[in-house]
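Common to both upcoming complexes is chain A, partnered first by chain B, then by chain C.
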Partner chain A sequence: MTIYSFYIFDRHCECIYVKQWHQRDRTFRPTSSSASTVDSPVALASDRHSSTSSKLQNEVHPSSRGGRLSVQDDAKLVFGVVFSLRNMVRKLSGPDDSFISYRTGSYKLHYYETATNLKFVLLTDVKMNNLKVVLHQIYVNLYVEFGEFFSIEHPGGEGVAVELFEMGLDSFIRTIQD
Partner chain B sequence: MSATKAARVGEDVWKTRIDKVNAELVTLTYGSIVAQLCRDFEGDYLEVNKQLEKMGYNIGLRLIEDFLAKTNMGKCANFRETAETIAKVGFKVFLNITPTVANWTTDNKQFSLIFEENPLADFVELPDDGRAQNELWYSNMLCGVLRGTLEMVQMQVDAHFASDILRGNEVTEMRVTLVRIIDDELPPGED
Partner chain C sequence: MVILSLLILNKAGGLIFQRDFNEGLKKLSSNDYLVLAGTFHGVHAITSRISPVRNSGGGLEVLESDRFRMQCFQTLTGTKFLIFAEPNQPNIDVVVKRVYELYADYVMKNPFYQIEMPIRCEAFERNLVAYIKPK
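Presenting the complex of A and B:
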C-alpha cells in the first residue's frame, strides 16, 4: 500500500497544506513507472473535467509537456478535480451527497470535506481501501488539535504547517502504509 | 435532527469527550476581561460591547472546528435544526448550559435563546454609574461566538442581546437572525 500525497484546501479554495511522499526528482521526466502516478493522472483528469477554467489548463499544459508539474500546479489540478466532482455530485443527487473517492488505472483519490468547507485529499495506489475515516481522523486528531489554533486565515498557505502537525501526520501515514 | 436527539448528543459529548475546567475560573476570567475593557475604553460601554463581540467572533471562527471534531456532526438541514444544535449541543458542550429556543418568527429566520443560567454572569454586578445598566451587554462575547461559528458553516447571522437579568430584566434573551446563506467561494478564474 502506498500513499503518494496529501492536500488540505481551505474555504477560500487555497491549498493550505501539501505533503508528498515518495518524492522523485522533480526536474526530469519520470523514469520509474510509479513516478508517473502522482501527477500525470491528475493532468488527465483535468482534461476530462473541461469545466475547470481554461486559464488553469493553459498554465498547466506547457509545464506538463516539460515533464513534471510543480507542487503548486499539482495542487491546483487536484483542487480543480475535487471541486468539480463535488459540485457535480451535489447537482446529481442532492446537496447532502458527496463523493468519497475515485480511482483511475493508476491511482485512487480519497476525499473528505468538513461542514466548514475544509477539503482533505489523499492520493494513494489503487489497492488502498477507503480512507475517508482516515481523513476524518486527520481532521479531528491532527488538524483541530495542532493546526487550526495557530492561524485562522492561513496567510500564504503556510498556516497549518506546524511542526506537531507534521510529525503527527507522518507517523499517522506510516501506520496506514504498513 | 430532532430536539431530543440534539439533547442526547450534547449530553453524551459533554460527558465523554470534553476536558472540563472549574466554572468559577471561567467566570472570573471572563469578568476580568470585561472589567479590563471597561477600564481601557474608559467606560465607553458601547465600544466595550463591540470589542467583546469581536473577540467572540474570533473565538467562534476557531471554535467551530473543535465543535465539529468533537461532536462529529454534519450540516444542519434547516435553520430550526441549527438553533436546536446551538442550544442543546453547542452551549451544552462548551458551557454546560442549555438555553431555551423560543420566539420563532413565521419565516423561520429569527429566534431567541433564553438563558435560564449564564455561567459568565455569576456573581456579577454591573457598575453603578447610571449608564452600564442601559448600555453594557455584559455577555456580548457570546453573540460574537455565534456569528463566528455560523459564518464558518455558511450562515451569516446577526446576534444581539435583547435583555439581560444583570440589567434588571426578567430574562436574559439573545436574538439571532439569519441574514443570508453564504455561497461557496469559487477558485480564482472561475467566477
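Presenting the complex of A and C:
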C-alpha cells in the first residue's frame, strides 16, 4: 500500500497544507496574503523562510520531476478536480450525496469534506480500500487538535502546533501503509 | 442488474447520447447534461495530469459516491462511455464492453449516422434497453 500525497483545502478554496511522500520528502505551506501584510518580526522571518524554501523547490523541480508540475500547481489542479466532481455528484443525485473517491489506472483519490467545507484529499495507490473513515479521523484527531490552532492563531506562520500536527500525521499515515 | 444511466461523450467532450434506465439520479435539463459532459471531459484530462506516478496512462476510471458508482470507459478514439450504477453493482466492466459492442454494431455501422454527432438510432436504443432492462 502506497500513499502518495495529502492535501487540506480550507473553505476559501485555499490550499492550507500539502504533504507528499514517495516523490521527495518535503512540505510546502503556501503563505496566505494576510500573513504577508502582518509586519511583526516573526511573520517576516517565516515569510523569508518560506520564500527561500519555495525558491529552492523551483530549482530542484525540473530535474527531479521531469516536465512535471510544481507542488503548488498540483494542489490547484487537485482542488479543481475535487471541486468539479463534488459539484457534479451533487447535481446528479442531490445535495446530500457526497463524492467519496475516484480511481484511474495508476492512483486513487480519496475525498472527505467536513460540514464547514474543509476538504481533505488523499492520493494512494489503486488497491487501497475506502479511506473516508481515515480522513475523518485525521480531521477529528489531528486537525481539530493541532491544526485548527495553527490556522486560526498563526495564519501562514510556524509554531509548535504544526510540528505536532506533522508528527501525528506521519505516524498516522504509517499505520495505514502497513 | 441496476444501471441508472448512460452517457456517451464524443472525443471533443460533447454529449452525443444520454438515457436514464432506472430511478436514482435526478433528471437534469438537456443543457445541464451538456455542461456536465463538458466538465467531465476537462476533469478527466486533469486527472491523468495530476497522477503521482510517472508515465501513467489514462484518466478517471471509476468514481464512487454514497449513492452511485460511475464507470468511465474511454475508447482508443477518445469516445467516452459513462455508466452510472448502484454503488455495489458488480461486473460493470462487462456491461461497458457490451454497450460498446452495441454502439459499434448499431451506431457506427448505421450508414446514416454522422460521426461525432448526437446519436439518434432507434435500433441502438432498442437493443440497449433490451440488454440493460430485460423484461
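Keep this in mind: the second predicted complex is superposed on the first by the 126 of 178 C-alpha atoms of A that agree within 3 Å, B and C clash if a C-alpha of one lies under 4 Å from a C-alpha of the other, contacts with A are read in each partner's own complex, and residues count from 1 in each chain.
The rule is short, and it goes like this: a residue touches a chain if its C-beta (ideal position, glycine included) is under 8 Å from a C-beta of that chain, and two chains touch if they have at least 3 such contacts.
The structure presented is a predicted model; accordingly, all values stated were derived computationally and were not measured.
**Student:** Is A:144 in contact with chain B, with chain C, with both, or with neither (first, second, both, neither)?
**Tutor:** After superposition on chain A, A:144 lies in contact with chain B alone.
**Student:** On the A-aligned overlay, A:175 touches which partner chain: chain B = first, chain C = second, or both, or neither?
**Tutor:** neither
**Student:** After lining up the shared chain so the two structures overlap, which partner does A:80 touch, if you call chain B first and chain C second: first, second, both or neither?
**Tutor:** Touch status of A:80: both partners.
**Student:** Report the partner of chain A that touches more of its residues: chain B or chain C.
**Tutor:** The larger set of chain A residues in touch belongs to C.
**Student:** Show me the chain A residues, by the header's touch rule, that chain B contacts in one structure and chain C contacts in the other.
**Tutor:** Chain A residues touching both partners: 80.
**Student:** With touch defined as at the start, can you tell me which chain C residues reach chain A in the complex?
**Tutor:** 24-26, 28, 32, 36, 39-40, 42-43, 46-54, 56-68, 84
**Student:** Please output the residues of chain B touching chain A within their complex, sorted ascending.
**Tutor:** For chain B paired with chain A, touching residues are 58, 61-62, 64-66, 68-70, 72-75, 152-154, 184-190.
**Student:** Which stretch or stretches of chain A touch chain B in the complex?
**Tutor:** The touching residues are 11-13, 52-53, 55-56, 79-80, 83, 96, 114-118, 139-140, 143-144, 148-149, 152.
**Student:** Quick check on the complex: what are the chain A residues that touch chain C?
**Tutor:** Within the complex, chain A touches chain C at residues 4-5, 20, 22-23, 66, 69, 74, 77-78, 80-81, 84-85, 87-89, 91-94, 97-107, 109, 123, 130.
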